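Common to both upcoming complexes is chain A, partnered first by chain B, then by chain C.
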Partner chain A sequence: MSGKKIKSKGGAVSYAKWGYIFILPFFLAFAIFQLVPLCSTIYYSFFEYYRSGLSIIGPNFVGLDNYKSLFESDFLEYAGNTFVLWIAGFIPQIVVSLILAAWFTDQRLRIKGKQFFKVVIYMPNLIMASAFSMLFFALFSDIGPVNGFLATIGAIDPSHPIRFFSSIGWTRALIALMNFLMWFGNTTILLMAAVMGISPSLFEAAELDGANHRQIFFKVTLPNIRPILVYVLITSMIGGLQMFDVPQILTNGSGNPNRSSMTLLMFLNSHLYSKNYGLAGALSVILFIVSAILCLVVYFSLNKEDSPANSKHSKKKAKH
Partner chain B sequence: MKGLMKKVVAVSMAAAMVVPMVGCGGSDGSKSASSDDGKHYLNIWCWNDEFQSRFNDYYPEVKEVSKDKSTTTLNDGTIVKWTINENANNNYQNKLDEALLAQESADDNDKIDIFLVEADYALKYVDSDYTLDVVNDIGLTEDDLSDQYQYTKDIVTDSNGAQKGTSWQATPGLFAYRRSIAKAVLGTDDPTEVQAALSDWDKFDAVAEQANAAGYKMLSGYDDSYRTFSNNVSTPWVTDNEVNVDPQIMRWVEQTKNYTDKGYNNKTSLWSDGWASDQGPDGDVLGFFYSTWGINFTLLGNALADPDGAQEVGNGAYGDWAVCEGPAPYYWGGTWLCAANGTDDVDTIKDVMLKLTCDKDIMSSMTRNQEIQDYTNTVSGMDEIANDESYGSDFLGGQNHVALFSETAQKIDMSNVGAYDQGCNESIQKAFKDYFDGNVTMDEAKENFEKTITEKYPEITKVNWPE
Partner chain C sequence: MKANKNENYNLPKEHVQVTPRLIISYIVLAILAFLCLFFFYILIINSTRNHVQIQQGFSFLPGKSFLKNFINVKNDANIPIFSGLKNSVIVSSCTAVLSCYFSALTAYGLYAYDFKLKKPAFIFILLILVMPTQVSALGFIQLITKMNLMNTLYPLFIPSIAAPAVFYFMYSYMQSSLPMELVEAARIDGCGEFKTFNRIVLPIMKPALAVQAIFTFVGSWNNFFMPALVVSSNDKKTLPVLIASLRSADFLKFDMGKVYMLIMLSIIPIIVVYILLSKYIVAGVTLGGVKE
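So, the complex of A and B:
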């Protein structure tokens, strides 16, 4: 169609420019709100630049000093904390989501009120993370309802409540639990969409061949939703890398006990007390590089998924 | 139909991208528009509603208060706009700093006129060009200020000797105790006799043991006695970019660890829900280190069984409290008014400062109000109330607490106050909480403190611990 039009007007008119005009707003917004701050962050990461009281120190060029002092600090330990907190939330999240997605999409189970459950499991994600953290903080405090309940059923001695936020294990477990509660609904819905995208004939064929539930799940469902699983894994990893609000509020910004719940972004935030743009910038740059690598991984793994499917398709065609 | 939907979606997507840009550009326009409506604003920044309610109740020029309390209209038509930012995680100062740094370019009606500061970080603002001299710039006279407690002036005096803030309260520290528990532990609830039993730290520790034997706790948690030690240090927190941890601070660590291990406290932290409930009707804690403002602003509210009920004997622990000086003199907190550089309301600010922080009658009436009972910044006014035998606090079982402090308030020494106090105090309390909890060793706690303090203040080069 476009070829015809161009021909009739002597090939002078190109509609391509409209394409550029339509995507211009995005690139403008991207440049102003993302690209410029990104560049200035990288720029300032090579400077000594902070506030002492109300007076501004710097910016003085210091080369790679900020990066050096970052790696001399407990930076890697906080990276480890972040990983532990993320993986502890992600494993239950992916397991529960897979089970729920398989149940909700199973034609033979015919679960009633599917729509209702989908809404309910998504709900925790609608609450602000900070409000959710405050709620948990109050629930699990030394004199909170959880300790009250445990004392009532006789599980603990009321004069010696479980001090959740003074225990490294409990604090981490609660953060993982909250992240799990907030995100498993979202993952379930993604995985359901993936399962529903599988051709029903595959399931029917498997059933006719006498496969049981477990075999269908592991041999049919799982291999077919692999690209989405990779996507969920990588996006969750990037999200986990930026974990901040839940542990920040729950531990009042300290990452205590013994800084064991201090995530990378909380560490970054602690440098903003003195508006230390140099050191915080260096940390941001490192996080940016790690996230970028993860993005590339997801990009290539998704593209790779396309190619074998295509080749199979072409083989089939060749057979016919 | 589908095509139309697509168009609608496309247009709304494009709009969604553009709107934030327009939004940013447009805000300047709307600001200048608001200044054209002829209204005059006085901007006051604070972190809670304490000063706001004093202002609304006691400033004579107040005409009306808006329903949501966000503005107060004065008789001359000036609208006082309250900007309240919570203190948590340094939020108040972060916002205030940004606003002050942008003060020069701000519209007259958006400029900060008055902002409030606390003792722990007052010097940060006082020793800068962002505050005005209350004598030379604002126009208060030495005579106006002569009835104020000397320490409340010292704390807001900059390195050149100019006073740059003024307060309506003086905040001598005290030890507030439960009368019923004192009777059970010491056999008396008389403030003089209780004070005699608690007059130094050795006696204090002995009473803690007695209280434990009687089934009570001496203190609620880890931070309770902190100020009593930290205000008696011999050097400022930071000198020449080095942090000096005073032996007094280590005494606090030692005492608190001891109390925690022996079960003399409830392991709470300051301002936590457990700490607040320990002050309530079911509390089993003998007492709390509180400053004068703490009685009305915190303790009274926490002590009631029904927070919305009448403030009278019978409602929770109302009337079951009393105060004494405790083992060491100290102060805690206090709020100062600073006039921001660049303000266009010097005359109004002068009048506010004059009425609320220099007027003996207004301040005395705050102290006499049973719902406030604040210890106010007028030496002669407090002396009068101290000698007034008819005066007594119902909440404190009729005790005249003003009499107790009119002597000590004049002896408060502020010479070791510094701009780093807030960060150091908060960091050391957080770092050693892990030590008290048994999660880390003493050395690890020290290390954690050093980490936090160098994050907060990159200019710090070294932390010196006492031998």
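So, the complex of A and C:
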């Protein structure tokens, strides 16, 4: 773009051109497969555009009608479901991860086999969520091993198994449990790294002052890992917004019982699948706005740390 | 050797008392480890038992029907597991290669060169770092319909050329491990810019590339949302889509041995890779992500 000019400056070779060449594929791919689709998504959200039987209706411009009918449909309820399912998994996840991170990094509490535990608790994160939910569906079905086991130990009457997937509470609890299992290992490892980044002299000073482990956790550890806690919270919220695989497979896309486990992305998927483009567009735009706000938070939390202007290490040391 | 042993022996003796806190922590860790492993244990056990045995109830010991289940799955035309495996391998490998190579290229472009749009480009990528791709799914589907790529595998990996998170990882890694002197030395030796990147920068980036290759491979292997919208014919389905179609079929009529076998075949490759590389993977989680 401005590469030509510089060569005239008496002999100095400019490599600026190469910078543009190297970043071109990324931005080209982004523009074609993300930016253009995003724009057309926003565009179609203002149009009446859906399939009725075999014929396609529209696109006819209808202004904000799609948004209106979205809010008149069950959108808010599904947003609520998504939030409930996310928070039910996230609270145990962050509590357990904080405790484990504190234990693993505690110098006085020498836990053996740390590496083994880390490997084991991280494993569910790599498992295919759809296979994992299919497994849960098989295990917890009316004739599945869990009911079989409960009948064997006499906890239930074999002719009346617990119907996990007919109960709102059980279905939601199982989804939350799976989300918890898949993510607590990841969060633990992130938090551990954060705790190990705290200057050891802080812990020593606290110990010399006679602080017990609870005081050290709340007064030293927690305040010092706040940036990464914010990061974990925000990325988990974005993940929660994208919750799809687990409830989709577990409830076969229906979100039953009573659509109580229908998440926003399942809603989007069903609109896209039935070629209900206008409504899908409006829903995407709302999801985009929420994600954009969360992206901004991530950007500023990263920027505080990463800005090249203030040398990271000197800043950190000065803080203490 | 002997002295060493004594030292090791002395150290813990001074510091480790078996406190109630230590006991509690072991109990909690044991419960969590149990939760993480138990479901997969049942999965493996049940994939070795036949339908009738599975219906009869729960067992801790494996059965003898592993091969039979495997052959049943193989011969079932409705769940083409091997074309599913093949499609998943193609899509995930291409995703890993494309996203790693082009992210490293982009990171190098922003790291090693000075140009006017350098800062805006960097800020832009950071802004979209965690943007879900699903928000533009509608436009994406229409685009690939126009491109005649519906029901093909290409739309599942070509967009991964633009992978902001991988880029960020590569950029952080370059900041810590790629001295510009090296690049300048290569230039003095008359090495072209592309050649410098391919022959000098990429080998230095190997550890970062390996970690990200694993993560992008796994991410793509497990991806369900996009493939479910893009591919529709049986021979193009990836594993997650196959599992979803199994779920939507009449579940109770299925041979449960086959169901467990299918689930196992789709997660076992990842578990095997994980066990082999767990040390690097666990270390990689924190490497380039967010630094405290």
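One rule holds for everything that comes next: the second predicted complex is superposed on the first by the 270 of 320 C-alpha atoms of A that agree within 3 Å, B and C clash if a C-alpha of one lies under 4 Å from a C-alpha of the other, contacts with A are read in each partner's own complex, and residues count from 1 in each chain.
Please note the rule applied: contacts are C-beta pairs under 8 Å (C-beta built on N, C-alpha and C of every residue); 3 or more make two chains touch, one makes a residue touch a chain.
On a predicted model such as this, the values are computed, not experimentally measured, just so you know.
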Inset, instruction - Examine A:145 and indicate which partner it touches, taking first as chain B and second as chain C; both and neither are also allowed. - result: second
Inset, instruction - May I ask you to decide whether A:55 touches chain B, chain C, both, or neither, giving the answer as first, second, both or neither? - result: first
Inset, instruction - Tell me which partner A:298 touches in the superposition: chain B (first), chain C (second), both or neither. - result: second
Inset, instruction - With the two complexes superposed on chain A, say which partner A:25 touches: chain B (first), chain C (second), both, or neither. - result: both
Inset, instruction - Could you say whether A:93 touches chain B, chain C, both of them, or neither, answering first, second, both or neither? - result: neither
Legend entry - Broader residue contact with chain A after superposition on the shared chain, chain B or chain C: C
Inset, instruction - Applying the touch criterion given at the start, work out whether A:259 contacts chain B, chain C, both or neither, answering first, second, both or neither. - result: first
Legend entry - Which of chain B and chain C A:111 touches, first, second, both or neither: second
Inset, instruction - Kindly classify A:273 by the partners it touches after superposition: chain B alone (first), chain C alone (second), both, or neither? - result: both
Inset, instruction - Scan A:238 for contacts with chain B and chain C and give back first, second, both or neither. - result: second
Legend entry - Common interface residues of chain A - those touching chain B in one complex and chain C in the other: 22, 25-26, 28-29, 32-33, 138, 141, 143, 252-253, 273
Legend entry - Touching residues (chain side chain A, partner chain B) in the complex: 22, 25-26, 28-29, 32-33, 50-55, 57, 73-74, 138, 141-144, 163, 166-168, 252-254, 256-259, 270-271, 273-274, 276, 279
Inset, instruction - Enumerate the contact residues on chain C facing chain A in the complex. - result: 12, 15-16, 19, 21-22, 25-26, 28-29, 32-33, 35-37, 39-40, 42-43, 46, 54-58, 102-103, 105-106, 108-110, 112-118, 121, 123, 125-143, 155, 158-159, 161-162, 167, 193, 197, 218, 221-222, 224-225, 228-229, 239-240, 243-244, 246-248, 251-252, 256, 259-260, 263, 266-267, 270-271, 274, 278-279, 281-282, 285-286, 289-292
Inset, instruction - Would you pull the chain B residues touching chain A in the complex into a rising list? - result: 10, 14, 17-18, 20-21, 88-90, 97, 100-101, 124-125, 127-128, 130, 266-268, 272-274, 277, 419, 423, 430, 433-434, 437, 439-440, 444, 448, 451-452, 455-459
Inset, instruction - In the complex, go through chain A and note every residue touching chain C. - result: 1-3, 15-16, 18-23, 25-30, 32-34, 36-41, 44, 96, 99-100, 103, 108-111, 115, 117-124, 126-132, 134-139, 141, 143, 145, 148-149, 151-152, 181, 184-186, 189-190, 192-194, 197-198, 213, 225, 227-228, 231, 234-235, 238, 241-242, 244-245, 248-249, 252-253, 265, 268-269, 272-273, 277, 280-281, 284-285, 287-288, 291-292, 294-296, 298-299, 301-303, 305-306, 312
